[in-house]
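Before anything else, here is the set of structures, which you'll find just below.
Shared between the two complexes below is chain A, which pairs with chain B and chain C, respectively.
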Partner chain A sequence: MGYLSKILNLVWKDLVIEFRAKEILSVMLIFAILVPIILAFSLNSAQETTENIFPGIIWVALTFSGILGFNRTFLNEKQNDSLLGLMLTPVDRTAIYFAKVIVNFTMMIFTEAVTLPLLFILFDFRFRGSILTLVLVIFLGTLGFTSVSTFLSALSANTRASEILLPIILFPIIIPVIIAAVQSTGIVLVGASIGEIASWIKLLGVYDVIFMAVPFILFEYILEV
Partner chain B sequence: MLALLTPPSAGEVIIAGQSASAKPLNYRKKIGVISHNTFLYNNLSAYENLLFYGRMYDVPNLKKRINEVISEVGLKYSLNDPVRNFSRGMQQRLSIARAIIHEPEILFLDEPYTGLDQAAVKILNNVLLKLKNNERTILMVTHNFEQALNMSDRLVILVGGRIVHETPGSFLTLESLKDLYLNLVEER
Partner chain C sequence: MSKKLKGHTFLGWLTFAMIIFALYMALVHAPVERVMGVVQKIFYFHVASAWNAFFAFFVVFVASIIFLKTRNRKWDIIAKVSAEIGVVFTTIVLVSGPIWARSAWNRWWVWEPRLTTTLILWFIYLAYILIRSASIEEDKKGVLAAAFGIIGFLDVPVVFFAIRWWGSLYHPEVVKGSGGGLHPAMFQALIACVVAFTFLYFYFLQKGIFIELSRLRIEKIREELRAEN
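Right, the complex of A and B next:
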């Protein structure tokens, strides 16, 4: 089995465990559904201000629900010291990272598939842009957020207060992704063309590439912490 | 360090006459580890745990090999049960199957008898004996003098992380081993 097959094997293991335990997705979905409902009752959807902050609402719901779930990314590996068992196998340790990114990304996509339609309905938002461009922005934003979160959750997993530590170290690092994602989402929602968000898309793309490349160098050291 | 989890800060790990520290990936498949922690996933069945680890080690004819090792540790009738329902002894037996699924040339055992029931002790002894007869290298860390004496060709006593005594196992009786160990500890 090659590197890719090992990643798929790790993904299979994590998805089977999540399908049975429902420890990550359930938490993410509950939070991602509650936030839009609470905000919809608090804000007047008819006001222009609400329309202006709508992209921010989307990304607040997604990132906060993501953090709740990603805190538990390495929980399975701590039971019975399984992470040590993985580290003993003859596979490059970055495979563990990329498998976790794929699993977390899948969880985020599920969460987004539920949350985004709910947000549009609750805020009675009339979408005027291109669906494909919105999908591209959401994809790049989610990938950047997931790759950094997964990397840092490996770092915080072995600490006593990992659930507090992850948001504290994560948010300063993902500020560029969140700003780019919110800005480009806002532009796409009002019907602008892809050319108008090209600079934000480039920023998201570069950020994604960097944080998919950094673990190749650092993830091995992170696991040894 | 010997299991190639972390690189040595000084010196090197030599396996079969070659430095293993430089290319640990090539040597990890030759190593099996049994610890007091099982490295198993509670929400997977025994079969799924072995399938997962077997794939990680590229075990050929994996399904056949799973049936062999699961029979060897006496868990044939619990193959599809989730590990979370297993007793401590059953989990440790499955951990033995996990460690030998890829037929390692070197087996490291870190306090393997911790929490084992008598049936599991017998199974572990049989597995170790079989590996020993197949000319595999076994390195066991234990505080159990009797098991150490029964199983080993060479005995090494560590005090304060340093080797203070090394002898062939057959040179000692249980009483002399206990006396020797206590004397060495007291000397420190």
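Right, the complex of A and C next:
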């Protein structure tokens, strides 16, 4: 089996488990709607200010629900010692990392596809930009967020209090993604051209590359017992 | 062991003398700034602490890489102690900064790139210490902390650029540091402070490593005693 098909096999395994249990995705979906509702009450958003805070609401909702789901990425594998079984399979450790990134990314994209249209309706937001640019921004932002989160959730899964540790170690690290994603989403939503967000897109791209490459090197150390 | 402790004492007294000299340079030798007045004296210790903090985190980064490569416990201990010292000095930066800013910019806090990056830096290394204090086996803890030490350090420049671009959207009047036109005596005082604080860093590092090694030895003795009984 080639490297790619090994990864795809691991991805398929996780997606089948998730599809049958619907344990994580359902929570992520509900949470991604619940957070904006809390924010709507606490920010007292009037119609005029919605335009300014809407991109922030989107990304706060996505990161919070993402963390909720990613906490389980490696904790689920710890039950019945299946992480050990996974490590005994004849695959490179990095294949496990990439498989987990792809699974988490898929779940995030699914959450976004369901909740974003709902948020536009809830906040009565008139979308004036190009859908393609928005998809690009969300894709890059989600990728950067997912690659770091997956790595750090593997790291925190080693500790006993992993669920409370993950947000604390993750939030300071993903601040560049949040800034770049919120800024570029805000610009795209009001219908600016792709040229205006070029520097943000570049920043997201650089972040994605760095935080895919470094976990790729370090992941082996994290998984060893 | 006693020879080692003598070395500690020597470095301790040397650092003490350096700090006294730095205090003299900053408080007496350097002139009082015309606009900001006496408050500007914070600047010397503020900058020296910031330098120490960045230096300490750089040491964490390098020691983490070497530890992952060699698996020598010594580097793990250096990274741990250095991170703790770095957080202490970052705290000093974050406390002294607003006091100075209040009289310089008339605001306690400005969401300015360097300030905000320092704040994020503080949180990153608090997270590092939390990983250190989490309940994991001792051997594994070093590896996990080293991995985070590397990731965290690489994140810092990205954070800085992100915040700089973000800040320029909301605060076009970027606050300029007073680096350019320093009075020669002020510059000498700054250098004295930075050098003295660097000595202080190494003194703390030495003490921290010594404490960690003693802790390991006590644990070893305890295990031996337990095995005997």
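The rule we apply is simple: the second predicted complex is superposed on the first by the 213 of 225 C-alpha atoms of A that agree within 3 Å, B and C clash if a C-alpha of one lies under 4 Å from a C-alpha of the other, contacts with A are read in each partner's own complex, and residues count from 1 in each chain.
Simple rule for what comes next: a contact is a pair of C-beta atoms (placed from the backbone, for glycine too) under 8 Å apart; a residue touches a chain by one contact, two chains touch by 3 or more.
None of the values given here were measured: they were computed from a predicted structure.
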{"item": "Superposition-derived comparison: chain B or chain C, residues of chain A touched", "value": "C"}
{"item": "Which of chain B and chain C A:175 touches, first, second, both or neither", "value": "second"}
{"item": "Touching partner for A:6 - first (chain B), second (chain C), both, neither", "value": "first"}
{"item": "Which superposed partner A:80 touches (first chain B, second chain C, both, neither)", "value": "first"}
{"item": "Which superposed partner A:106 touches (first chain B, second chain C, both, neither)", "value": "neither"}
{"item": "Which superposed partner A:21 touches (first chain B, second chain C, both, neither)", "value": "first"}
{"item": "First, second, both or neither for A:89, with chain B first and chain C second", "value": "first"}
{"item": "Which of chain B and chain C A:130 touches, first, second, both or neither", "value": "neither"}
{"item": "Contacts on chain A seen with chain B and repeated with chain C across the two complexes", "value": "224"}
{"item": "Chain A residues touching chain C - in the complex, by the definition given at the top", "value": "148, 151-152, 155-156, 158-161, 165, 168-169, 171-173, 175-176, 179-180, 183, 199-200, 203, 206-207, 210-211, 214-215, 218, 221-222, 224-225"}
{"item": "Residue ranges of chain A in contact with chain B within the complex", "value": "1, 5-6, 9, 12-13, 16-17, 20-21, 76, 79-82, 84-92, 224"}
{"item": "Footprint of chain A on chain C - complex, ascending", "value": "68, 120, 123-124, 126-127, 130-131, 134-136, 140, 143-144, 146-148, 150-152, 154-155, 158-159, 161-163, 165-166, 169"}
{"item": "Residue ranges of chain B in contact with chain A within the complex", "value": "3-6, 25-26, 28-29, 31, 33, 35, 37-44, 48, 52-53, 55-58, 82, 91, 98"}
